[in-house]
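Report on the following structure.
Letters A, B, C and D mark the chains in the order given here, with residues in each chain numbered from 1 onward.
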Amino acid sequence: MGMVGGGRGAFIGSVHRMAANLDGKIELVAGCFSSDPEKSKLSGEDFFLDPDRVYGSYAEMAEKEAAREDKIDFVSIVVQNHLHFDVAKTFIEAGINVICDKPMTQTYDQAVELRDIVNNSDRVFALTHNYTGYPMVKEARRMVDDGELGRILKIVAEYPQGYAVGDVEGDGQGKINNWRSDPNIAGISNCMGDIGTHAHNLVRYITGLEIDEICSELTAFIPGRELDDDGNNLVRFEGGAKGIIYASQISNGDENALNIRVYGTKASLEWHQEEPNDLIVKYANAPRKVYRRGNDYVGEQASKYSRTPFAHPEGFIEAFANIYLAAAEAISDQIDGNSAPEGGYDFPTVDDGVAGMAFIKATVESSASDQKWVKFPKV
Amino acid sequence: MGMVGGGRGAFIGSVHRMAANLDGKIELVAGCFSSDPEKSKLSGEDFFLDPDRVYGSYAEMAEKEAAREDKIDFVSIVVQNHLHFDVAKTFIEAGINVICDKPMTQTYDQAVELRDIVNNSDRVFALTHNYTGYPMVKEARRMVDDGELGRILKIVAEYPQGYAVGDVEGDGQGKINNWRSDPNIAGISNCMGDIGTHAHNLVRYITGLEIDEICSELTAFIPGRELDDDGNNLVRFEGGAKGIIYASQISNGDENALNIRVYGTKASLEWHQEEPNDLIVKYANAPRKVYRRGNDYVGEQASKYSRTPFAHPEGFIEAFANIYLAAAEAISDQIDGNSAPEGGYDFPTVDDGVAGMAFIKATVESSASDQKWVKFPKV
Amino acid sequence: MGMVGGGRGAFIGSVHRMAANLDGKIELVAGCFSSDPEKSKLSGEDFFLDPDRVYGSYAEMAEKEAAREDKIDFVSIVVQNHLHFDVAKTFIEAGINVICDKPMTQTYDQAVELRDIVNNSDRVFALTHNYTGYPMVKEARRMVDDGELGRILKIVAEYPQGYAVGDVEGDGQGKINNWRSDPNIAGISNCMGDIGTHAHNLVRYITGLEIDEICSELTAFIPGRELDDDGNNLVRFEGGAKGIIYASQISNGDENALNIRVYGTKASLEWHQEEPNDLIVKYANAPRKVYRRGNDYVGEQASKYSRTPFAHPEGFIEAFANIYLAAAEAISDQIDGNSAPEGGYDFPTVDDGVAGMAFIKATVESSASDQKWVKFPKV
Amino acid sequence: MGMVGGGRGAFIGSVHRMAANLDGKIELVAGCFSSDPEKSKLSGEDFFLDPDRVYGSYAEMAEKEAAREDKIDFVSIVVQNHLHFDVAKTFIEAGINVICDKPMTQTYDQAVELRDIVNNSDRVFALTHNYTGYPMVKEARRMVDDGELGRILKIVAEYPQGYAVGDVEGDGQGKINNWRSDPNIAGISNCMGDIGTHAHNLVRYITGLEIDEICSELTAFIPGRELDDDGNNLVRFEGGAKGIIYASQISNGDENALNIRVYGTKASLEWHQEEPNDLIVKYANAPRKVYRRGNDYVGEQASKYSRTPFAHPEGFIEAFANIYLAAAEAISDQIDGNSAPEGGYDFPTVDDGVAGMAFIKATVESSASDQKWVKFPKV
């Protein structure tokens, strides 16, 4: 694989590399790790790359790699939001498969355009909404699919973090005031874009439900901030289910508390990202059940994406690696000219990316509106 | 004490009696347990009462008890919502102190009127918003009061239950279709009135914050229901804090999951009714702390309302009994002509009752409105 | 009821009174609360007793109460260990039913003698091994009885507390150096007697298994202590199951962590006193189940001893009150001349008291022995 | 690196490879994956190896690799217990560094001999007692080292699993009846050797305490088994601390429940392998603290071995990879001729391997003895 972005010190680049390394099937062989060629080169050395395949611009990389016999099978895009579109477009058009960080683009319109580009190519495009890589999230989806919950009535998804709270009373120069809060880079939202989309994606992945109307209140608690650092949303799903989706970066002491509860007529489930190996299922008049990853009784898909037996805890990196694993399956088929397996592949697609951008667009619009309900863009 | 309502088989009457019994300081000596004098008499026998003090109507009871030398010190009102106002008014006007079940009245206007009646008397009126009786809820309030959380930014309070979910796909004749879903008895709301008010009261008790504006969506999932069985609310508090308050009776498998999270600039706390002896405090960059009831390090008020040392779990009945204990303190002072202690008494008052009725009114109004934000009535 | 011991400031006396009060069926009417008549009288005033029924000695109380028409139905004995035997004997022989605190006596021989006395009378004798009063402990017993666990292979019961740890490095004058560590009052053991017997009783109650052989190490970590403040025991049960039973008072920060795990060939269960409303059942290849008190699916006995629906947490006092409730049922039948119901009553008996004293005797003997296994006295 | 053992379908081989892959610094380039050359070759193809470096015997591999310019930096030994000694000896004597699975050898005497061999070489020998690779285990060790717990009084370590319980009532042909229960391969113990040693190693790593005397009862619940599948041990540590160490494979429904509690005079800690990102610290009179991996407040060593920020759960594979990471540091220094850093390296050594074999020897001896206490071999 190749990588664009993610040089020295970049957290998410390092996660992508660990995810790619884990199973011993993917090797990093090329990259453009910085827009500064000198920095890019230094990162290339860190990763033991052939200097000829460390590039100073992504355009150069796409062109030169596409021309090689032994070209990269795919590129991982881990640059800042505002560059996602251009980089992804460039590589897809150069005929190179793409794994791209989320949110997919800077704007909703770019997302729709990128979808067309991808759909008109025969290349693989995978988006790293990594939390759907957790085996017990896959088991949750299976339960809903199999009707074990009955009809879904209500969904509560939440993603509170507290890491930005220090800036609320501070001088506004804290750690959150990086590019994610700069509209020119991040787009129209910070918190909804960065983590709200994860909560939204998790809802869609598990339940398959699309939002019909939304009522949002986004807040910038940090003084001087143009973009939201907290957002609460009431949600009406197509088909009648109701819900709440919220995310926050000023929820003091919360770490990465992505949680979901799905309530159905027959049963309900809950899953907590911070204890990802358990899936709790609740009933009106039967003991609660705790499904635990790695046991024989969990479904096929959850088992396929487990690497160790029960109670050898698997975590974030393994879940992230599962996105790579699934995308690699598709990429391998694409390269070998094989058709997709029945049931398709299990990774977030360009359509999920459009849905995420629709979520950002809708929450920002709704928050600015006096009208109670804002129609969600068709995904 | 005397009791109106709460005869054989009435759950809440039995809880009130256990709460009154627990500390051996209150004795049930009179009652009107049913509007059917025969049934009232039978219940009186269950409780070993003097038949002369078992009455066939609350009006008779108020009149006769008021005339006795050894009259009851107070009456507990555990009748259905639509009767609260009349019964409470009758006893207060007869000069008898009142402990009343919540919601305080059937309508907001009755609540305001009852407040005037109580305030113009010198009688004690206590409302059994029992969840504020838990010691660790008192500790949470102390922390906020003492500034340990800093400025409050966000509050999430939730109260999902699942006991009514069986009726969603059913014939509409399930257990929830009792008087609580009958507007002529319960008032304009079922779920917001029955349990939403508990969540709202908990928020106010711990933080002291009043709602400024609210945006609600109430739903009746059960076919044929006139009143809500689920409700989600976005909240703007006076002073700038934001929040979510929701309650539900169709959240399958949830039992009595009243939970609150309060996020401040310095720290945040969370408390879960189903594990009431713990209070979790979280910080931006320090280990989480778990405060546990009964330890020497917890505050004075939490200790005063604890009956056993740490880790001898105390629960719902003890918390309920704490409302009785605090009210009994006030009633005793009232009878003895003592003035209130510095800091006052620690039980929900007629003002809390008005606030609860305002919550019901505002959520129902907001839910019916296309306008995003509805102003919360001044409490 | 009457009470011997448990005057002002005595923790366990207060618990017994709350337990007796809770259900409104038992009234404290007589007592000898202290060997100092003046103090006894003051406590009597606290409890609003008729001064004529507040006694200066238990012997006087037994004699005078036995002679009254309206004599007490039973006496609660909450004095120090070394007096249990004499007081219990006195009341039983006076024809008065007894509820007695544990350990039952000071010595094993007294226990055996008291058993004869009780068995030769037709009076009720109940011992407050209160932890078996928890509904979910009753449910655990039902599961074992019903064979849901299969054959029991292993049991781990533990009861660590930390309240005495402060004295380990201290001056030996800490709070634990009360009568419980005085052999002349407590008997031959402190920790095994005070809390080890609770763990042992819990094992017997749930599984019905008796110990065959035991291998113990008791330790006095507190300098200058004659009696143990910590003890670890390997256990062989009759029939082949193995186990560990341990208790401690120097386990820093542990509060009242009585826990039990019972492993069978079909399933296993675990119960934790600090979260008493849940019972966890584990299987070799099926999701774990969490049984929660108050639900319709739990067994008859657990339901009988629940006072509120699910998730209104019940705790220590309610469990204690269940011992009173069950004993009161027997006492009531004894007084009314009714025979016991099929299946008998559900409270710890004089036989359980003998078993507890056997446990103390065996652990102390084993700990002093170089021989690995010590035979457990036949119960 | 090279690998001996761990071909197709071998669980532990796959874990070693993932651990080695994770950080992108170690590459598998040679191996002898099976004693059957044909099978070895097929596994080599799975791992994309140069066929010239896939060997039919470990002896051939050691010889040929040692002769290469580009020889492997180290070998991972993941064969069955009875081969550990020979393979490790062969590679060390060929001058190749070793990472070896545990238990270190088949017998205690082999362990002592291997220690001499390693100590007389200048090669690195690392043992994969992987549970000490967890960051919060390192934090626990730091706390003890820094005196935050005071003097250690008591330790309880447990490792119950339930995967073998199915064979207790079965035909003896179940999944546990593999080589681990064959004395000719596994050695004198199954359960103590396989998982008891992990519990023992964890105790030593965190507290630095060595066992002085031990009192064991090992049991073979599975009919026809020669070796233990359950074992309970009372322990006396040098310096006066007491403890319990137990492990089991017939604890129905327990999965991989390696837990440790360390009680000191100032504080105590507990850590649970199934929730490895938390470390709970308890105090006599202060709120409990929950230290969570990835926060700035945790110590240097725990931070060094974390790959992601807080609440991105890390698990078993990451912990395993930490052993590789630490060993790779030492191997790199060895190859480059650098001296060890101050404080040394953080991986289990040949001395830990000897201690583990001593534990197996002592528990088996004690279990067979009528004498209560058996002296633990000096480590």
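Here is the rule we use: a residue touches a chain if its C-beta (ideal position, glycine included) is under 8 Å from a C-beta of that chain, and two chains touch if they have at least 3 such contacts.
This one's a predicted model, so the numbers in the text were calculated from it and none came from an experiment.
At the far end from subunit B, in terms of centres built from Cα atoms, lies D. Looking at B-D and C-D, the interface holding more C-beta pairs in contact is that of C-D. Annotation, subunit A versus subunit D: rotation angle of 180 degrees from the Cα superposition, expressed as a multiple of 5. Between subunit A and subunit D, the centres computed from C-alpha atoms are 35 Å apart. Centre to centre, using the average C-alpha position, subunit C and subunit D are separated by 43 Å.
Averaging Cα coordinates per chain places subunit B and subunit D 55 Å apart. In subunit A, the residues that reach two or more other chains under the touch definition are 281, 288, 292.
Contact residues of subunit D toward subunit A in the complex are 11, 14-15, 17-18, 21-24, 28, 47, 255-257, 273-277, 292, 294-295, 307-318. Only residues 281, 285-292, 295-297 of subunit D touch subunit B when the two sit together in their complex. Listing the residues of subunit C that touch subunit D in their complex gives 149-151, 153-154, 156, 158, 160, 162-163, 165-166, 168-169, 215, 217, 219, 221, 230, 232, 234, 236, 242-244, 246, 248, 250-254, 261, 263-268, 281-284, 288, 369-373.
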